[in-house]
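After this come two complexes, each holding chain A, first together with chain B and then together with chain C.
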Partner chain A sequence: MRGHGLGLYWRLILASMTSQMQYKASFILSSLGQFAATAVEIAGVWALFSRFGNLEHWNIAEVCMFYGLVNVSFAISDAIGTGFDQFGALYVKTGHFDRLLLRPRSIFLQLIGHEFALRRVGRFSQGLAVLAWSIVTLEIDFTAYQVFMMLVTIVTSVCFFLGLFILQATLSFWSVETLEIMNTLTYGGVECAQYPMAIYEGWFRRIFTFVIPLACISYFPVIAVLGIDDPLGSSRLFQTLVPLSGPLFLGISIVLFQRVGVRHYTSTGS
Partner chain B sequence: MNAVGAYVAIVSARYRTLLQYRAAAFAGFMTQVFWGAIKIMVFFAFYAVSREAQPMSLAQVVSYVWLGQALLGMLPWNMDKEIEQLIREGAVSYELVRPLDLYAFWFARTIALRTATTTLRSIPMVLLAGVVLPLAGQAQWALLPPESLTAFCVFLVSLFWALMLACAFTMLMHVFLVWTISGEGLNRVMPSFTIVFSGMIVPLPLFPDWLQPFLNLQPFRGLVDVPFRIYTGSIPVADAWPDIVHQVIWTVIFVAYGRWLLQRSLTRLVVQGG
Partner chain C sequence: MSQIVVESLEKRFQVAERSPGFVGALSGVFRRRYRTVDALAGVDFRIDAGELVGYIGPNGAGKSTTIKILSGILTPSAGRCEIEGLVPWQDRKAHVRNIGVVFGQRTQLWWDLPVIESFELLRDIYRIPPSQYRTSSRELIDIMDLAPLLDTPVRQLSLGQRMRCDLVASLLHQPSILFLDEPTIGLDAISKLAVREFVKTLNRERRVTVILTTHDMDDIEALCDRIVVIGGGRILSDGTLASLRAKLRSERRIKLELLEPVAFDSPDVRVISAEGATLHLAFDPSVITTASLIKNIAESWPVKDIFIENPPIEELIAQLYAANRVNA
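Moving on, here comes the complex of A and B:
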């Protein structure tokens, strides 16, 4: 049954990609647009470093590691999470969610298969380029552990951001519209994880570690990738284990969506 | 004259529409506050270790960031959705029937687009950053009052020209759209350049020194950098006039080019749809 679901997911995704490729010019333009729009941020980082030299104990190549990893991860979750991101406007407001409920497949599978947004390749390639530059410049002889932690960062970050999209979808059962306020956590989360969390004020850092586990899937594992000592004083063991809060966050979001959100759903009619 | 009447009607209609979406306005406001806070913390960190004198003080940069968050909507980063649709669907032919100068009419609509949301969002932002934060004892986070009363007056003049410049550039984007695909491509990439070169991401004086001659010439600094630096006193009032003339010259160039391009495109316009 499980394998069956995965097979269906691939078919949905392939159909979505084929349909997006019917409008090649539009795809290329929106990818280019997104590339430019996200590259703006790195221009800012570059300007500040060339003016100030260093950011506390961080140099630009290290900051680019944070920047690259969070952008690559967010681009992936943004591409696969479109169904949840647009959930309020596309399914609740229109009442189309009724149709999903009637189908003998899990809601999660149907929504994740809603669209694979290829245009996110704009942010993805921008993040990947910054990441590559960082790796080359830092000249780290990567150990297997560091490579592993890089994968951990990406996978757990994707889980975390996907969890945020699902939480946003859950809230739209009440708000009906897609909630713009969640952008502070999604796009805002990317914005603040582009810099090492250690530079922010204590209260802000604590919120984004203990309430919303953003630092757990970006800052701490990236410290392990860089192989440096954490100025906040965390241990390697902590940095290795704490990213697990990403999948945990995703799991809680899914449970909330299915147990609380779907149960609360009343159709708006068609 | 006609354009002024049209402008008043459009702006008041837009306000009424916007006020229907109070929740969205609040969400947008919170997002901008959050963004401002992150930017300011990044600047705190950079300034904390900097030993050399920087071209702008930290307090000036903080005020600059808040002004930017308050006036974000004024930047030419998007187009008027209805004009976009007119062009896409071919209804642009109805526009040509109206006894109004098309460029002036669209310019009026553009002013409405650039000011309606912005005024609505800037007032709470200025109140929060300029009044609430200092009262809460968070002076280092606050939007400071302008350098002097004169600086404030000159700032208002410069802000007016920033608005004109923004509208003239938005109009160029509208006109480009008539050239469908190539115009659309340009319009998707252009806003990113506008945002960087206006000084919205990082105040322009903080860019490397070797870039400054270019940054001082290009048109987009008139959108953000010039008015905000006059406000914070980073450009002294006595030195402000050349910068305002710079804004006016680029506005005139954009309007002239936009008008010419619109005329040219209308002579070869193919209306899509029926």
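Moving on, here comes the complex of A and C:
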């Protein structure tokens, strides 16, 4: 998004908000619905802890830090990434993608400008509430570094989840039915990152660190936010640097989308 | 130098063959068999600035594929295409500034927003300078009489109103070439006339080159100086409507009204239909001239009125496909 691009982004986003406000009841109901659905999840976490006490070394307030940060981040990505998340159904199936190609602006800008989904406020506010409760309960005296790492977690997680949406959009150039497989990564990833990665099996952790860098943008930086020692033995330096794999993952997804996906479309049509 | 140059343009598609049923769909995931389809098998034409060209052919003839390549959506398999010196699929962003595209089946407007907001978004997308936008939008809105519709959300417009708005939307950035893909499909008679009138004005007064695909032969007859007929991925005919008529069976039609119903029979004439005292006749002007045929008929039968007609254009096209063995 160079210079003028950002201006157009705001114009498109404002237009999408105006559109959404045409359906106020739908907006309110879907926001409330999402709030309720995600609130059930945290109720599940709470039930688990009240029955079993701690989860290995982790107490509920610590888990809520993981839970809150990943949900806030995912809600933000979900709100800004709708154009990619629903790309197959909205653009490929309908042939509307042709129209994007007919306009003298980048495809990425047009798709990220598709919608800012206000209804994601449901998950966002729920995640924020859990995060706030965690911060208050843990009584951490936050250093500047810890606050910084909290921002790093959110920003790099947003990059990572956007990357997943863009990867999903890339696949839908071939088949719109790939959505379910990708959902196991997006929604499955959120579920998984709600708990500290250390509780999972080694092979599982390695996949979500080295293949799909989910742990790099959730588990490791959150350890730094909590200011505790990693049971897995990682250093602070590692925890500070690995979140960079989030933006890297996003970059790779964008390149794949443009170079492989869009090129495939323009050579085959829909 | 022509504005649009198309030389030996080819486009082949790989179409996956799917076996029916669940097992078929499953095996398709692992091993797909492909069939090659030649959508365009060597297409050549040149179009000069200011022309109004009808591009017609049956479904699957290659019309849409051509339009998509010319507008930069598709990359061809082989061949050359230059529009105002640009290669559409290589210089996409520069090229699309010069063209406007209207798809009759799909709108480019924002469904839930008032029409005027869609226009303003397009102004920002195309980076149209404010002064240019003010003049060009005002003028277009006037010609198409859109002022009463500007604050209506697009989803509440009738198809005819929407098409008028879509036409204006595609012209706000003042393109020199306009592609119209079935702009009159599904429209009522009045809207069709309005669209045709607008396209004509645009072409005559602003010298916008127009390339029109349609199944509505009235559009062609009302608008196009030149008709390019495509079938089976090849150009079957390229010329004026008159030359297309002359090229094919040069049959003429006569509608004859007699004073009373009679059993009509005359040499060199074929009776197509007879309803009471009204007869439709066909004859070949190379066998008998129109003048002598009329004289013969007038001398032998109680004639009330005679009309000479050209065969409808649909029939000409059908003949052309039959001659070239194209399945319509």
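Methods note: the second predicted complex is superposed on the first by the 261 of 270 C-alpha atoms of A that agree within 3 Å, B and C clash if a C-alpha of one lies under 4 Å from a C-alpha of the other, contacts with A are read in each partner's own complex, and residues count from 1 in each chain.
Here is the rule we use: a contact is a pair of C-beta atoms (placed from the backbone, for glycine too) under 8 Å apart; a residue touches a chain by one contact, two chains touch by 3 or more.
Values in this document were obtained by computation on a predicted structure and should not be read as measured data.
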Under the superposition described at the top, does placing chain B and chain C together on chain A give a clash or a fit? fit
Going by the contact rule set out at the top, does A:L8 touch chain B (first), chain C (second), both, or neither? second
State whether A:S30 touches chain B only (first), chain C only (second), both chains, or neither. first
Is A:N54 contacted by the first partner chain B, the second partner chain C, both or neither? first
Examine A:N183 and indicate which partner it touches, taking first as chain B and second as chain C; both and neither are also allowed. first
Output check: A:F238 vs chain B and chain C. Expected answer is one of first, second, both, neither. What do you get? neither
Going by the contact rule stated at the top, is it chain B or chain C that touches a larger number of residues on chain A? B
To make sure I follow: the centres are taken over C-alpha atoms, the vertex is chain A, the ends are chain B and chain C. What is that angle to the nearest 10 degrees? 90
For A:R103 in the superposed arrangement: first (chain B), second (chain C), both or neither? second
Please work out whether A:F204 is in contact with chain B alone, chain C alone, both, or neither, and reply first, second, both or neither. first
Give me, in Å and rounded to a whole number, the least C-alpha distance separating chain B from chain C in the superposition. 6
Hey, what residues of chain A end up touching chain B and chain C alike? none
Applying the document's contact rule, which stretches of chain C touch chain A when the two form their complex? 13-14, 65, 68, 71-75, 89, 92-94, 96-97, 99, 101, 103, 106, 108, 110-113, 117, 121, 124-127, 153
Considering the complex alone, what residue numbers of chain B touch chain A? 23-24, 26-28, 30-31, 34-35, 37-38, 41-42, 44-50, 54, 181, 184-185, 188-189, 191-193, 195-196, 201-202, 206-208
So in the complex, which bits of chain A are touching chain C? 4, 7-8, 11-12, 15, 18-19, 22-23, 94-96, 98-99, 101-105, 266-269
Mind pulling up the chain A residues that touch chain B in the complex? 25, 29-30, 32-33, 36-37, 39-41, 43-44, 47-48, 50-56, 175, 177, 179-181, 183-184, 187-188, 191-192, 195, 199-201, 204
